[in-house]
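Chain naming follows the written order as A, B, C and D, and within any one chain the residues start at number 1.
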């Protein structure tokens, strides 16, 4: 869209707020009228992204109680903008005075400075992970819409610091049963790492402890699956469903790569291995496998949407790093203090799910104008 | 944007046309006035994407002579829309009659059918690679704009069918000299595979021959590098530069994954390895390495932009594949006849460069409103 | 929209081309699949806007044969962009050499110069009335879509040079019968002034002759009525139906004012006179009168849409006018030579109808996402 | 834009909130970094639109204290979204129970119902004049930006209930001195009607009293003038400056007509009277008069921007009106109770000024990409 803080074309989301400002929030415009929506629906998702839930995540305690300020009447969406807000609390900005003029490596400090000439440096300001509060709140609304169409979305951590979870090979299957997906999700949510493989999860946790005591951090891989997505979503040739998903996921801080379906593996397959054969099943067209990740020519096929993304290690680390002092013009070494996740992927999961939900909700509405009737 | 055939916000590109329709073209709106532009500038890029140039690409012969119909006066852009058109010739649509009701695996045949209820099936219609004519023509205009700011873009094939080229490790360097990039580019352009490593290129060519005689196809990896990109480009939090690049590249048919900088490798690095330390060089901030791929917090750092994408094998293969007949409702086996590239990556290179150019041109204009003065 | 050459959000129209360039055209993106559309449908409307049809309009002879280059397959829209083009012929640009540096009063010559620093001065370039070819062609597509929903649009000249036609007082009626509207339209089309009142039309024609021999020009008022518009169209609070109509009509060159329903008269009515009482008729809500012009709160009521616009006199006049020579910096007197309409309103009629059609087509599609089902 | 609650392309404003919801607010995205902005700057404008200031306006007492929640750091805009909020107080929604199923004539009750199937009927919900709080707050930000470029905006009531103020004939002058405009403004602000002609103002006030005791209401005409507008603003051919102004002003509830410059009068002028001759003054191009209203070909000329709009009488009147009961399906008579302005134009003035400011701020930013340098 035109201004960087808005996402979507018909189901449109505008986030606002800085990490240590007064509040953070989002306006959802274009949500159809007639959907049941309560603050509880949104709070449930916000609680999933909230830090301080386990030893695997940062210790900052944020209540993050959402307030819905407009767009709902007697518990139902009215078609008018839904404004949601969370007040910022427990924001000890003095932690950040030292970084005002010394951009942290791996952070957006320098780039915001060079772009705008001014930045709210406290806690990363607008570039903070806290901005995802708005995304997750909006995603909760999108999920309510999607649930009316039978769409289910689940995400999890499939790899952390090089440790891979043992998981089904989704690209080899044309479909995924709802029960199986919900089971995967439940197992992920019960792990502090959000990894559905309990054995891998516990090894990841050990690694995390050792990395934390090193004053370092690690990255990982997050996967999101959506089932029940109707065929026909996506607007060629630029607003293809996979193109919009790639943008949505790459717009999450710390994500450095996105794959759809077989992803980079497709570069090594033959056409006869890559192409998913079609067949009829219960009178509907299905696919024998799903290397396409549920998208062909930028349009959904009806098979599961498979997304995978690389998450870089948390840039804020205690270990000493070289940077510059923009006032004195000298090189300095810094060590980033404060309460930081040693690894972001577990917290990326609800954000990535939210972004997938926003893309699907938008395209479900856009699809309505593809045909005369 | 709102309608799927338009890309960009200020430098806006709308492509139109089907593979076997009368013509194919593009309208570029929002190009600033005052840029020298001739049909030759555009033709040069179109010639690079044209099939039939080597044994590595399809045999279809297309002249693809561009005509600029508006927006230029006395050789200079006027700020008004630039309309460009290429007539379709040599379109033997009878080749395609057999696929009208039998969607080809790996193609958009089924998804266009289910979305629109009708499709121009000849040669893939709108989903054809031929649509990229418009992208490349628009990209040529974007490159003229970018060259005024000193931006240089080069792409090449780094991997084909599992064979990797030997190339510098770009993420380990904070900058790339123009001469080196132009040299890489020249070597790539002199290879039928567009691979700058001559030894790898010849092995790729052999593999291609054997794959072709198998009636099969292979995929590969394409990389695009942009240098001279001013710091400050990108509009957080959704229109981040990397998010827009991911969308741009994923919108190319056959691309299934996109990486920025260290990409998936970042998932396996420690924070202390991933973060790029800053230092002053000639009074400007530089980076000791470039795992970030030239982008932090969605905003360009001034370091080279590094993009990498996976290209799936050509879906059109001579080998027999299983699909359905949508009229009879029965399973059938098909073999896709016609003139098809056994591998797409060499032809993706100019398209990927064009898409990177479109994103950068758009963000150079958007950046102009970031500050009061 | 973002770039000035595009109109609409879902039914999107991008025009391109200059008066004396090689061609002029339009791309319609977002037209739903499944609509019958032929070049004849478009040609019919283009013929209505073509100059040289009567003594009341300019003598320039333009064939204006439209070519549809994409988006149609076997006579049906496919949901992909519809590109249409008309070649420019009979363009004697030497007529315009004298105005290169002397901006014509009332024209866009100076403002294009100051904005872009360069302009195609021949025949007004992009600011020429010829640009409306693209609008009318796109409007013809919109009308095909609208006719599927029973919408009928008719425009006419209600006033010229101060002479008013005798017409029904539309605001006093809650509805208009299709037969009556078609009759009005037929009478308008049979008049060289496009005025449905034959007596007024002939007086206007006499005035026109006398004004022409004075080397002067006159303005007038154009009205457009749309019936059969479903209630519920319009997107508060900014994309209200009346707001979008105002923009659409004011974007036509020479239009200086727009009224909806009672328009300026509403400033002089009491609330008890202005408000349109509601009642049930055949089980549907109707209105006793239509001061609202079919729109309340920016949303269509189902009553006829009533638009009225002021058209200024043709700025190109033979009489001497004062301007400046931008090269010498001196004041000069100019007389604009060439083939010019002494009055524009008759030719504005099909353009205004087209713009109303574009707005309604867009909002019919947008309305589809207002509700969950 | 795409969703109805957003206005602008680069300087983008999204309003949210219903009359009797918890709060009402706006997000301004795309405001450049580096502008001084305080809550006082915004409050000053909000106080101007607030009801309860004089006998001429409604008696509802609203504190309307704005809170800026983001986008400002140390008193300076940072280039990130500016979120502003006003809590709703004193909202006696029981007043409105009776209108739940009986749409008020002249109101949006019926159209919201038919569009969305549900509406927050309390106080007009989203269609309430209260929505303009967000517009005025955003307009205050736009004015700060514009003041950096020397733009001054002033509005006033020029006609009420048929009584016209005596004012200069602005179209006859090529320029307006700042002192004169500020004087006009001051006189308007000191009148309860916001009419700069004291004699007319007092006659309007008397009329208003008599209309109120009749249980009726009256409309009027509002004018807005902007001086210091740089030439070159406006994006042909659809986002012309006059087209965007027309949309902006027509999107204000109760506005039924918009004129630019000579407006409807142009329909009655000859070309030789309408065209504004050019001349050099202090080395700059000026105009001998300003029938164009400062805009030619949709681009600003540098002369004053002249806008005029018709405001209908307040639809809420005590007098009995005929409508329907949508539950029983019967005709009923209603009398609208509650605290209502008998005339809206005085309160439209700050809203119309805000809308003009939003359009100009947006186009000042858009203009930056018109040229290469």
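The criterion applied here is as follows: contacts are C-beta pairs under 8 Å (C-beta built on N, C-alpha and C of every residue); 3 or more make two chains touch, one makes a residue touch a chain.
On a predicted model such as this, the values are computed, not experimentally measured, just so you know.
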Checklist outcome for this item: Counting C-beta pairs in contact for A-D and for C-D, the higher total belongs to C-D
Checklist outcome for this item: Max Cα-centre separation from chain C goes to chain A
Next on the checklist: Quick check: how many Å separate the C-alpha centres of chain C and chain D?
Outcome noted: 26
Item to check | Centroid distance [mean C-alpha coordinates] between chain C and chain A, Å | outcome: 46
Checklist entry - Which integer distance in Å separates the CA centroid of chain A from that of chain D? => result 39
Next on the checklist: Where in chain A do residues touch two or more of the other chains?
Outcome noted: 1-6, 9-10, 15, 30, 33-34, 79-80, 115-117, 126, 236, 370-371
Next on the checklist: For a test of understanding, state which residues of chain B touch chain A in their complex under the given definition.
Outcome noted: 1-7, 9, 15, 103-108, 110-112, 114-117, 126-127, 131, 159, 161-162, 211, 214, 216-221, 231-240, 242-251, 253, 256-280, 285, 288, 291-293, 295-302, 310-317, 319, 321-324, 326, 329-331, 367, 370-371
Checklist outcome for this item: So, in the complex, the side of chain C touching chain A is made of residues 2, 10-11, 30, 32-35, 79-80, 145, 148, 236, 365, 368-373
Next on the checklist: With touch defined as at the start, can you tell me which chain C residues reach chain B in the complex?
Outcome noted: 1-6, 9-10, 12, 14-18, 21-25, 27, 29-30, 33-34, 67, 69-71, 73, 76, 78-83, 85, 115-120, 125-126
